[in-house]
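What follows is subunit A paired twice: with subunit B in the first complex and subunit C in the second.
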Partner chain A sequence: MFYIKLFFTFFKLNLKAQMEYRINFIMSIFHILILQLGNLGLIWVVLDSFQALREWTFGEIAFLVGLRLLSHGLFTLFLPEIYWGLSNYIVRGEFDRFLLKPVNPLFLLITNGIILSGITDFSSGIVILWIATKSLGLNWTFINLLILLVVVFSGLLIELSAYLATSSVAFWVTNLQTLNFITFQFHEQYILYPVSIYGKPIQYFLTFIIPFAFINFYPSAYFLNKPSNLLFHPYFAYLTPIVALISFGVAYFIWKRGILAYQSTGS
Partner chain B sequence: MRAYLEICKKSFQERMAYRGELLIRFVGIFMSFYLLYMFWKALYANSTDVQGISFHSMITYTIMSAIMGGIINIFGILNVYLAYWMSSRVRTGEIVMDMMKPTDFQLYLFSHSFGRLLFNVIVSVPIFILAIFIFKIYLPDSLGVLALFAVSLSMSYLLTFLIDFMVSLVSFWTTQNQGVGGFTRLIIALLSGSFIPLWFFPDWARNVLSYFPFASIYHVPLSIYIGKIKSIEGLYAISLQIIWIGVLFAGSRLLWLKSRRKLMTHGG
Partner chain C sequence: MQVIKIEDLYKTFKTYKRKKGFVGSIQTLFTKEYITVNAVDGVSFGINEGEIIGYVGPNGAGKSTTIKMLTGILYPTSGVIEVCGLIPTKDRKRNLMHIGVVFGQRTQLWWDLPLIESFELLRHIYRVPEKIYRDNIALFAELLDIDEFINTPVRLLSLGQRMRGDIAASLLHNPDILYLDEPTIGLDVVVKERIRQFIKEINIERKTTVILTTHDLSDIEALCNRIMIIDHGKVIYDGSIDEIRRRFGTESTLLIEFKEPPDQLEVDGALEIQLEGIRASIKFDRKRFTASDLISEIAGKYPVLDLTIEDISLDGIIRDVYEEGKLHESVS
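Now for the complex of A and B:
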């Protein structure tokens, strides 16, 4: 309860700080809208000549892209600090500030900033899902909308966990740009397309090591009724919430160990 | 002339100081190569020839496009470097110092950019060689084609520089221009054929695009490289590139004069 109140207080403060840069915000709205819709347009152009990407049609790929944007939009809006943040805090010695307060330091870190353009990511996600729905003639039942909600929040948790785990390495090594960048590339580019187009090692990697495939690929198999032979196992279509909890557990463990290592060096 | 060469050398050495960033660049670029390769492989799963283009040509086109982007995007993928530099110079007033120098401002920035270009070319050589072995991209049919490609690529570089320069001048009016800079790059990325060759675009879109310089940046040199545009047609496309350079050069001089006057009236 205390944390929820704190969360909204911090959110209000961050919002005020962001409002200082109104022009940047307006520019970023246009930028993101054109970026997302433009990229989708290019996929449409290619699929007009090629019909399908393996067995995936335009509408189905739009569904993948839209689903990713919904959870990513929420992540960008509420929790962007975990992205590149942690190593900066450590290098500048500002991380110690979080350890001195009677609140969980992870909570303090992730609520320390917002990026308002996350709203645009989220909204373009809705537009793109709508395009997918129209193109595929999907019927959204009440149950499916509920499942969508669970999937979106699980996706948010998976993204948070991935960046938490990779950023936590900053407690041991200060320069980890490359590692963060690889995670970023996988999340930003690779899962825009069905992961089944990649080689087996990448598919395993995106399923078991950094489980980004559970953000959009596996849940789409449920929503779109994709043939189960696309997956390692048909049950994977339902596993997103469980995977989200497990990855958060693992990431939180690495984070905890990192803090211990950090404190014992006495810096 | 000596002054400009010196600036060029300086900016080359400046880039050398950031060698450490090369690892990220290599990782990033090979991850994108793999993605592009698998993407087109999946598209070509059911067909061998689409619009007269084989899978092999398409991979060469798309990977050469990524390598080319690494060469001509002098000021970063989002063009934030030059835009940011200019807007902060305008805000702090340091821009006056640049203008008082006995060098031409545009030529000064060009020499700076050229030093970076040389660095980019050197870095892209090992990337290119690795791409030949890993992704089986091919070399042009003849030396003539290769020469034509080199000329066309140089024109693309000039076009990119002129566009970046004009966009950075916007900061004389708005002081904040990173948004505009990133936006221009985005439009170029989408409409220049850098991801998807323009021959896949619907006819109406191709018609509209023929009134813009975008195709001259990526589509022309890459089509020459893979042999989609042949000899005479290639020369025609290159002359179109040159015309665009002329138009944008005139535009950039005009805009530069206006920016100067804008600064003068503010008593800068």
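Now for the complex of A and C:
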């Protein structure tokens, strides 16, 4: 309760601070909307010319894209500090301040900033999911909407865990923005398409190492009722929440060990 | 009552030779090449409730590192730290509830938020009761004039304003112990004086224990009853300021103005004589001669117009102590 109340207090203040940059925000809405719809258009073009994608319809790919954008929008809105801030704070010794308040340091880090354009990502996600729904004639039952909610939050947790783990590497070595960036590439590019089109190493990587495939690919097998496109095991369609919890457990462990190793800086 | 206990505290930093670029950083992850720095090298001390301690030493002596261990940011390499019976890294949150911290070099306020909103957040974080919160804000407004800039975003504050904001923020929850790491760095004399008055007042009113590091020894003279000098991670002096003056500050200077310029000045027992026209400055050791000995000797030989005695400044004493420390080192 204490943390929830505090979270909204922080959120309100961050929102107010961000509103100072209103123009920026309005610009970013258009920018991202165009970018995302452009992405979708690109997929449309690629779809036809790409042998491996033949088994997938445009609507199905749009579903993958939309699902990813929902959780990614929430990540950008609420948790950008994990990706943009953390490793820099560590290397510059600014991480000190997160250890100087009697609340969980991860909580303090997360509430340190928001990026409003996350709302645009999220909204484009809804638009694209709606396009997919129309194109596929999907029927959203109440249960399925509930499951969608769980999947989106699990996706958020998976993304959080991935960047928390890669950013925490900075506790031990010099700033590895590059590592974050590589992770980001997997998240930004690779899971726009069904993971099944890639070679085995990448399939393994996106399933077992950094489980981004659980953000959209596996759960879509459930929503689209497409078991033929599953990899490894049919149950993977239902595993997203569990994978999310495990990922977070692992990432949180790395983060905790990182704090033990934190050296601050000399000045 | 003892509030802080440190025994045999060590902190060794390992700095890996960090290489540039992506491949370089992967390499650092696996190489074992590193340099070690013994930042805190076997420190022990105890601090009682209500004391104001001046923790001084040259750059890189280990002051900030000690404070970072006391606040729980850094884990000690070995040794014991207890703050009000708690181990700072183990009982991190409970420890933080009753300490306040200011690092002068770096603000802990929220950069984009107006000062008042940082205070609001802190009120929630520390669960400060409404009444205490309001009384404190009123007190800080009165003593630090923070109301002049309380609605300004922190990033727009001047250094002196920001420092006052940081100090106020560190005291919102009425902590028992206050750590101040260079709270007067870069401030003008007026703001400095105001901050000193404020710290003194808080210490007297609330019995707050204060540990202060600074390179401005007039801070120490104005505030502290006890001074600890640390160098190369070792405490080389721990005692009162009077004591340090007695032990190291026995060198005084006699400034004399003569009626007419003497051709030559000879004084038995002077360590050093400088003569310029009708003015002379004569250094002597008070342990061996009293000022009146010296004065009567001089007045007997030359016509004196005016004279003053200057004690060595605390700066000078501390400098001597640092140098003596270096002396010991080169001997051992």
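Here are a few things to note about the model shown:
Going forward, the second predicted complex is superposed on the first by the 250 of 267 C-alpha atoms of A that agree within 3 Å, B and C clash if a C-alpha of one lies under 4 Å from a C-alpha of the other, contacts with A are read in each partner's own complex, and residues count from 1 in each chain.
In this section, a contact is a pair of C-beta atoms (placed from the backbone, for glycine too) under 8 Å apart; a residue touches a chain by one contact, two chains touch by 3 or more.
Model, not experiment: these values are computed from the prediction.
In the superposition on chain A, A:99 contacts subunit C only, with no contact to subunit B. By the document's definition of touching, neither partner reaches A:209: not subunit B, not subunit C.
With both structures placed on the common chain, the touch criterion links A:250 to neither subunit B nor subunit C.
When both complexes are overlaid on chain A, the residue A:27 reaches subunit B alone and has no touch with subunit C. Of the two partner chains placed around the shared chain by superposition, subunit B and subunit C are both touched by A:178. When both complexes are overlaid on chain A, the residue A:38 reaches subunit B alone and has no touch with subunit C. In the overlay built on the shared chain, the residue A:242 is in contact with neither subunit B nor subunit C. After overlaying the two complexes on the shared chain, residue contacts for A:17 are found with subunit C alone; subunit B is out of touch.
Looking at subunit A, you'll find residues 178 touch subunit B in one structure and subunit C in the other. Touching subunit B in their complex are the following residues of subunit A: 23-24, 27-28, 30-31, 34-35, 38-39, 41-42, 45-46, 48-54, 177-178, 181-182, 185, 189-190, 193, 197-199, 202. On the subunit A side of its complex with subunit C, the touching residues are 5-6, 9-10, 13-14, 17, 20, 93-94, 96-97, 99-103, 112, 169, 172-176, 178-179, 260, 262-264, 266-267.
Within the complex formed with subunit A, the residues of subunit C that make contact are 13-14, 16, 18-19, 22, 24-25, 28-29, 60, 64, 68, 71-75, 92-94, 96-97, 101, 103, 105-106, 108, 110, 112-113, 117, 120-122, 124-126, 153.
Partner subunit A is touched in their complex by these residues of subunit B: 23-24, 27-28, 31-32, 34-35, 38-39, 41-47, 50-51, 174, 176, 179-180, 182-183, 186-187, 190, 195-196, 200-202, 205.
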